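A, B, C and D are the chain letters, set down in written order, and residue numbers restart from 1 in every chain.
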Amino acid sequence: MKSSAKDRTLRWKRSLYRIIFEADTFKGKLFDEILMLCIFASVVVVMCDSVKSINAVYGRQLYAAEWAFTILFSVEYILRLFCVPRRVRYATSVFGIVDLLAVLPTYLSLIFPGSQYLIVIRILRVLRIFRVLKLVQFIGEAGVLMQSLLASARKIIVFLFTVLTLVIIFGSLIYLIEGEANGFTSIPRSIYWAIVTLTTVGYGDLSPKTGLGQFFASLIMILGYSIIAVPSGIVTVEMSNVFGRQKSRRICLECMKGGHERDALHCKYCGKELSDQVAEER
Amino acid sequence: MKSSAKDRTLRWKRSLYRIIFEADTFKGKLFDEILMLCIFASVVVVMCDSVKSINAVYGRQLYAAEWAFTILFSVEYILRLFCVPRRVRYATSVFGIVDLLAVLPTYLSLIFPGSQYLIVIRILRVLRIFRVLKLVQFIGEAGVLMQSLLASARKIIVFLFTVLTLVIIFGSLIYLIEGEANGFTSIPRSIYWAIVTLTTVGYGDLSPKTGLGQFFASLIMILGYSIIAVPSGIVTVEMSNVFGRQKSRRICLECMKGGHERDALHCKYCGKELSDQVAEER
Amino acid sequence: MKSSAKDRTLRWKRSLYRIIFEADTFKGKLFDEILMLCIFASVVVVMCDSVKSINAVYGRQLYAAEWAFTILFSVEYILRLFCVPRRVRYATSVFGIVDLLAVLPTYLSLIFPGSQYLIVIRILRVLRIFRVLKLVQFIGEAGVLMQSLLASARKIIVFLFTVLTLVIIFGSLIYLIEGEANGFTSIPRSIYWAIVTLTTVGYGDLSPKTGLGQFFASLIMILGYSIIAVPSGIVTVEMSNVFGRQKSRRICLECMKGGHERDALHCKYCGKELSDQVAEER
Amino acid sequence: MKSSAKDRTLRWKRSLYRIIFEADTFKGKLFDEILMLCIFASVVVVMCDSVKSINAVYGRQLYAAEWAFTILFSVEYILRLFCVPRRVRYATSVFGIVDLLAVLPTYLSLIFPGSQYLIVIRILRVLRIFRVLKLVQFIGEAGVLMQSLLASARKIIVFLFTVLTLVIIFGSLIYLIEGEANGFTSIPRSIYWAIVTLTTVGYGDLSPKTGLGQFFASLIMILGYSIIAVPSGIVTVEMSNVFGRQKSRRICLECMKGGHERDALHCKYCGKELSDQVAEER
């Protein structure tokens, strides 16, 4: 008899893995769909729990539901750890960390009251939804966006660094101009105001009262209104490159020219058929 | 005699159809122009009706006018249903539904007071104006814009999904940081604040009071200020593609397919040369 | 003797024309520079006049200065009308109308007190500064920008029309949701709120108080945050075309291909020299 | 013996120069790293000093630290002046001026109390960080951004000039419409409001109260919401040019000139064929 106890455990592990981690089989898809629902429900429960009028009436039920979801997710996390072949790799992956963070706050709330609200980090688990719903194309789109942002990362860091330097100087100047009498009670608070102004948010909790302060604020606003063009420009140009590259990965074997559109069947330069060549779609 | 009663009804239906649905004949154009005026007038009536000082003086006249317009539009809707050849198709089309919604609220207001203000949905009927004024080119432009937005729809959905995930997490964190004493009374309300901040609207009805909260808010603002570049980039690149494709409306005489790029020498579908054909520049 | 009285008047007119309308001669340039100074000074006078604390002390002097500038500009306007060869054309040109509007408000203020503040329209006269300072290139740039905006005008009109339709509907819905108790006292006022929100201005003078209202407002904000990409995309693509066209107006006489950069001396396709051909710069 | 006193001084100067101005040697790098830390620390000290609650407890220590940093930076400045070969050139360079401005405010605070907060200008010295951390690529990126902004400078100046003209006129109109009763107490203050509105900042410290004022404000908002597309478009197009030029860094072996477009077969300057040369893709 070859079927030993170890073999059976292995086979059981594999089928568990297929259900929990994959979404190809019926059971796997069902598991993922129920999981999505549970995640959404648990986030809604936490939100409702924080609303006083709801808490006053359904406080106990919500508390019970929160613990039920947490225990459910804890069991799921342990099962994931159990059935995954490479445990450390999963535990240190983005999804593995999010899975852990999604249960910790409730346990922490026993020690630090209030921390249970951190549970909303569970919403990050919903990012799995793209895989569940077989929205592969959406993952592709997300990848393209991510690629564009990474390509422009260095330029955006330079931009943000410049913005930070500017708001520190602007904040200090407005602190000197307006002073504590008008609400600018410290430099950090004035820097906060400068950020609120430069980003065109404009709460109005702090606003310049003196003529000079308003003149200076006007300069910051016009600057903020203009330089928003910089990240826009950076990202647009990089996206244009990334999207374009996606399109042009087909080369005509006859004239070796690239840049053909996705739906092209013939080379647009020499007329040779393109269809029999493998399109290297990303 | 061939002209039976049925024939006469049919002929009458046809001429009615030409007046109500088309704008080619003098009568048809006149009908549409009067309709536009009535729609505008009825929307203005509803708006005025909601202004207390006007309502106090002209309340009864406005009420009468509203009912007059509603009955007029009801008759028009019934005539449309009567003379259109394919009734179900019209009734379930976008314009058919808008036409119905444009009369319902007044009748509903008999049962639910206040619902008559929903009548402003009538303004959607004004979208017909482009057809009336023979602004075919504007319809073309609207089509190009719509095409660009559809082309970028998936990327924008991924972007919005990311934004929603972010504001849920930011909202919960600020709820923990600021607490109920500073106005952040619940997580949903804090998420509302996070949206107000990330989108750079910044009402100021809720604003962080503590130093940590202001620091955290600054991060959200700078993030919101930067990532507005993402939808800008997506739409710009897609528009650039759609506009470009439109401009190069070259049609292959062999397979009658269009959409060739400007520098194309051969049809990308069938391989026939394109160079000897006149490019139909828009 | 050929020099008759009529001739002398004509010659005098011509030299006056050269001084007032042109900026090539020393006198013409001096005249324009003094004029610019006077315009700036008169706008500053009007601004100062509106500030109470300044008005209390220098009210009479400012009043005198305003009248002095107005009489000066009136004389200038009459001289312009006198020496220009085609009077009606000047009087109905943009600059002619602005020149007239720049003096009218002070005279009107004798009949309607307060209208003298409209005098700031004089600032429009400063637009002549580009000509005065020989900033021809700036005029070119302004032209390119204007061309891009005109090219995208139809698309932007469709966009604005859509935005207007949306804010009317959103305004009415928020009026029903929030009601008069929360400050949304009429539909026009609610539409004003919808515009404040959609454009991400966010004064905060009106803001939703109910949960449903805040949810609905969040949707408008995210919409406004996203669709700002539409005008950005339109203008960027059109500018790209207009700027590009500027570059590519040189055609190689050998291979008849265009698209050469401004500093190109040789055709980039066949290597033939381009330098001897007239570049059709706009 | 050749090693005279003068020689020794010269050698000492050189090694000092290498430590202070360069970051290639171990000592030079260490010096720069300590300097960065001191700059950050001194800026944090100034910020903390402005926060009342911190000042009340650690006021004296912070005061002492501030003077310590100032004396340190003064000594550093004098050493820089001493060891640099071309003193005037350094003293009038951007970094030289920033280095001087970074110490002046503390000394000035002896005469004008409060001016010590200007010390935050020291943060500008941190811009050296890119050199210190050998982030040469970041300097490259910053250069590309700067190049794009310079290329679009003239167009942006025309745009800003137009915006300024608009806000002066809008500000005066709202001053007439709303009047002093609603907070629009002077034209400069009303211009400040127009800037707050057009740039979509929207503090809400001033907001229109009358119906006409709100209608007029709506127009400004929609204008501001639309014309933000203009700087976006300008910068995007210029960046696209600058980035594109950078990417196609192909150098002609004949005339050693670069900047050829991607599809170029011949050098656009001398006409020599380019096709057989390897394109140096970044």
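Just so we're on the same page, a residue touches a chain if its C-beta (ideal position, glycine included) is under 8 Å from a C-beta of that chain, and two chains touch if they have at least 3 such contacts.
Not measured: the values here are computed from a predicted model.
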| item | value |
| --- | --- |
| Maximum centroid distance from chain D, chain identifier (CA atoms) | B |
| Pair sharing more residue contacts (C-beta pairs) when B-C is set against B-D | B-C |
| Centroid distance [mean C-alpha coordinates] between chain B and chain A, Å | 29 |
| Gap in Å, rounded to a whole number, between the CA centres of chain C and chain B | 30 |
| Distance from the mean Cα position of chain D to that of chain B, given in whole angstrom | 43 |
| Set of chain A residues in contact with two or more other chains | 159, 188, 191, 200-204, 224, 228, 232, 234, 236, 240 |
| Chain contact topology (line, ring, star, complete or other) | complete |
| Chain D residues touching chain C - in the complex, by the definition given at the top | 154-155, 157-159, 165, 168-169, 171-173, 175-176, 185-188, 191, 197, 200-204, 207, 211, 214-215, 217-218, 221-222, 224-226, 228-230, 232-234, 236-237, 240-241, 260-261, 263-273 |
| Residues on chain A engaged by chain C in the complex (per definition of touch) | 200-204, 232, 236 |
| Chain D residues touching chain A - in the complex, by the definition given at the top | 43, 46-47, 50-52, 114-115, 117-118, 120-121, 123-124, 126-127, 137-138, 141-142, 144-145, 148-149, 156, 159-160, 163, 188-189, 191-192, 195-196, 198-205, 224, 228, 231-232, 234-236, 238-240, 243 |
